[in-house]
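I'd like to ask you about the structure that follows.
Chain nomenclature is as follows: A, B and C, assigned in order of appearance, with residue numbering initiated at 1 for each chain independently.
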Amino acid sequence: MKTLAPLALALTVSMPAFAQENGSSTVGGGFANVAPALEAYTNITIIGDLWQRKGLTPRDRSIVTVSAMIARGHTANLAAELERALANGVTAVEISEIVTHLAFYAGLGTAQMTAPIVEDVFAAHNVSAADLPGLDVDYLKQDAESEATRVQSVAGLLGDAAPSLAEFTTDPLFSEIWLRPGLAPRDRSLVTVTSLIALGQTAQLAGHLNRALQNGLTGEEAGEVVAHLAFYTGWPTGFSAGPVVREVLQSRSE
Amino acid sequence: MKTLAPLALALTVSMPAFAQENGSSTVGGGFANVAPALEAYTNITIIGDLWQRKGLTPRDRSIVTVSAMIARGHTANLAAELERALANGVTAVEISEIVTHLAFYAGLGTAQMTAPIVEDVFAAHNVSAADLPGLDVDYLKQDAESEATRVQSVAGLLGDAAPSLAEFTTDPLFSEIWLRPGLAPRDRSLVTVTSLIALGQTAQLAGHLNRALQNGLTGEEAGEVVAHLAFYTGWPTGFSAGPVVREVLQSRSE
Amino acid sequence: MKTLAPLALALTVSMPAFAQENGSSTVGGGFANVAPALEAYTNITIIGDLWQRKGLTPRDRSIVTVSAMIARGHTANLAAELERALANGVTAVEISEIVTHLAFYAGLGTAQMTAPIVEDVFAAHNVSAADLPGLDVDYLKQDAESEATRVQSVAGLLGDAAPSLAEFTTDPLFSEIWLRPGLAPRDRSLVTVTSLIALGQTAQLAGHLNRALQNGLTGEEAGEVVAHLAFYTGWPTGFSAGPVVREVLQSRSE
């Protein structure tokens, strides 16, 4: 890529849509006066290459980026990424469901850290509580066989050591949260897998990758999520997840 | 729980003590304009069910919640949770000791992120430096046998690869911090176990769970801590900790 | 250390350089009204003992401390630690390279959280974009044999599960970032190892420790990094890293 150096300025200048200011943050860098090289890599490598790759749609990349920032409590550029998500076709209802889903998978604490920023972006788009789903929704139908397998797996993991956790996992997590219609199961899996990779929680990754593939995520997309997150949450998170993706895909092709 | 939807509004309205404003944060949600469903789950499932469960006292739940927020650097609702902790019988001296203990177990960096919020809450309650313990305290008596076992375990783990770490672990960590009288050993263990689960540090969890059980935490309480933290720091942190609790309880009953 | 209690006040008073105010933060505590004991431990044990130990120079300790704070998103005392780093001989160019390096190893999200603070410190020292390296630098020469081994190792880990990740790891990560001349390979390794320990990413630690030792970090320094980080990012991060350091040093001496 060393020969691309002259391109850096050109790209930066020619990408007003990508580099647009959003309050004090941009979807690109903000590194111009801190690390000009990083500013260039953000524009050339991340925006100009990674985001353009065919393996994952811009909408999916926005779901992954926003979910990673919420899961890790990275508030700095979240507003700009929420704007990009809306521009990429993620709806306000889906963002609302992502926040709820991540409150369970990354913790209420992370949801509390990021909710005010989501609220501001919603307000700027005239989205209010009345536009967002509460508890009164038409839940998707639960797959009884898959649910029975899950309950058995939880029993094997926990025994009777944490009965409240087993209970809350059944209700509301799998009997309500996963069945809410505002976010498709495939996207809900994408959010879950993103959170696990972003937080380095590899112990739960294989199980949720299998669920994601059953819910319609492709193997190619899973691999591209890993590359995308290497940039946003660090190379080691990508390299901890990559081998798990390889093993899951391998075991399913056998 | 689907039938409970109508209860959501009622509970929200009838729980002024829980939902009271504290500056810009509340112990409940703050999700009304972001994710009405999450607001309802916070009020119904977390406040209305989890916090009411008998397996762990409200005082213990406050110690766990505050410790998790400090360990994870979740500052958003920390002030409200510190107020709830004081209301639930956790003293200012105990909170001060929790901060010091977590500076060692979750790092000085996390203590620095959260100290200003603790300071503001203390100021609002007229708690000043003079009310809080320094180094001049009557240390608890160290159990010589348990300490010898610990030193041997550290030597096995580190060899001579990190002599300063071995030294600081002996003094001040185990010869002073763990023996400070402002927080009972059982509560100090509760804080330690909480931090390990909240940060996904399962490698050290079995050892500290055994110490916690020796210090008076019950197995039932340990399981309920896991369920409580699943909500506050994410389901995967609960499911990484649950099997460790199961194994430790099993090995002690054999 | 119990006999050192009277020394606490003396040290605090006699260390104006260490305890100097920097905006609202100090390199020491800020715990006086929250946890007087922790304030004393910060001054006596961390500043008065740890930072004075011969196993790691003050410059290295500053690189480790600043890198840990950036990697963990600990913004509270980062400005003060950047000032100390500059005073300890870390240059603005090196700090800029540390930010870029950590954008890859701890994620763009963490770099975005901390960049505004670096920018403010740079501005106070009249460091602007023109003083900092962009893409147009004289790259160090890559070691072909070591690079071939790395490529093979990545192929073994990822198979063809994440082709974009394998590609970006080759270019730009190892063909550009690691070869940028603004930060010596030994210091770049120090930053990488620090980030891995600080974030508990032990799976990648052995590989990068071996690279660090090849790049000139000594085994004694590695052990002292572990002790230093135990204080800044928590005891469990030290105790997860310590055994890996022991094993790597052992395998290299065989």
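As a convention for this text, contacts are C-beta pairs under 8 Å (C-beta built on N, C-alpha and C of every residue); 3 or more make two chains touch, one makes a residue touch a chain.
Not measured: the values here are computed from a predicted model.
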item	value
Graph class of chain-chain contacts, one of line, ring, star, complete, other	complete
C-alpha-based rotation, subunit A on subunit C, 0 to 180 degrees, nearest 5	120
Mean-CA-position distance for subunit C and subunit B (Å)	28
Per-residue multi-chain contacts in subunit B, two or more chains	73, 200
Of all residues in subunit C, those that touch subunit B in their complex	1-2, 4-5, 8, 25, 29-38, 40-42, 45-46, 50, 53, 55, 68-69, 72-77, 200, 202, 219, 222-224, 226-227, 230-240, 242-243, 245-246, 249-250
Footprint of subunit A on subunit C - complex, ascending	73, 96-97, 99-100, 103-113, 115-116, 118-119, 122-123, 128-129, 132-137, 139, 157-159, 161-165, 168-169, 171-173, 175-176, 180, 195-196, 199-201, 203-204
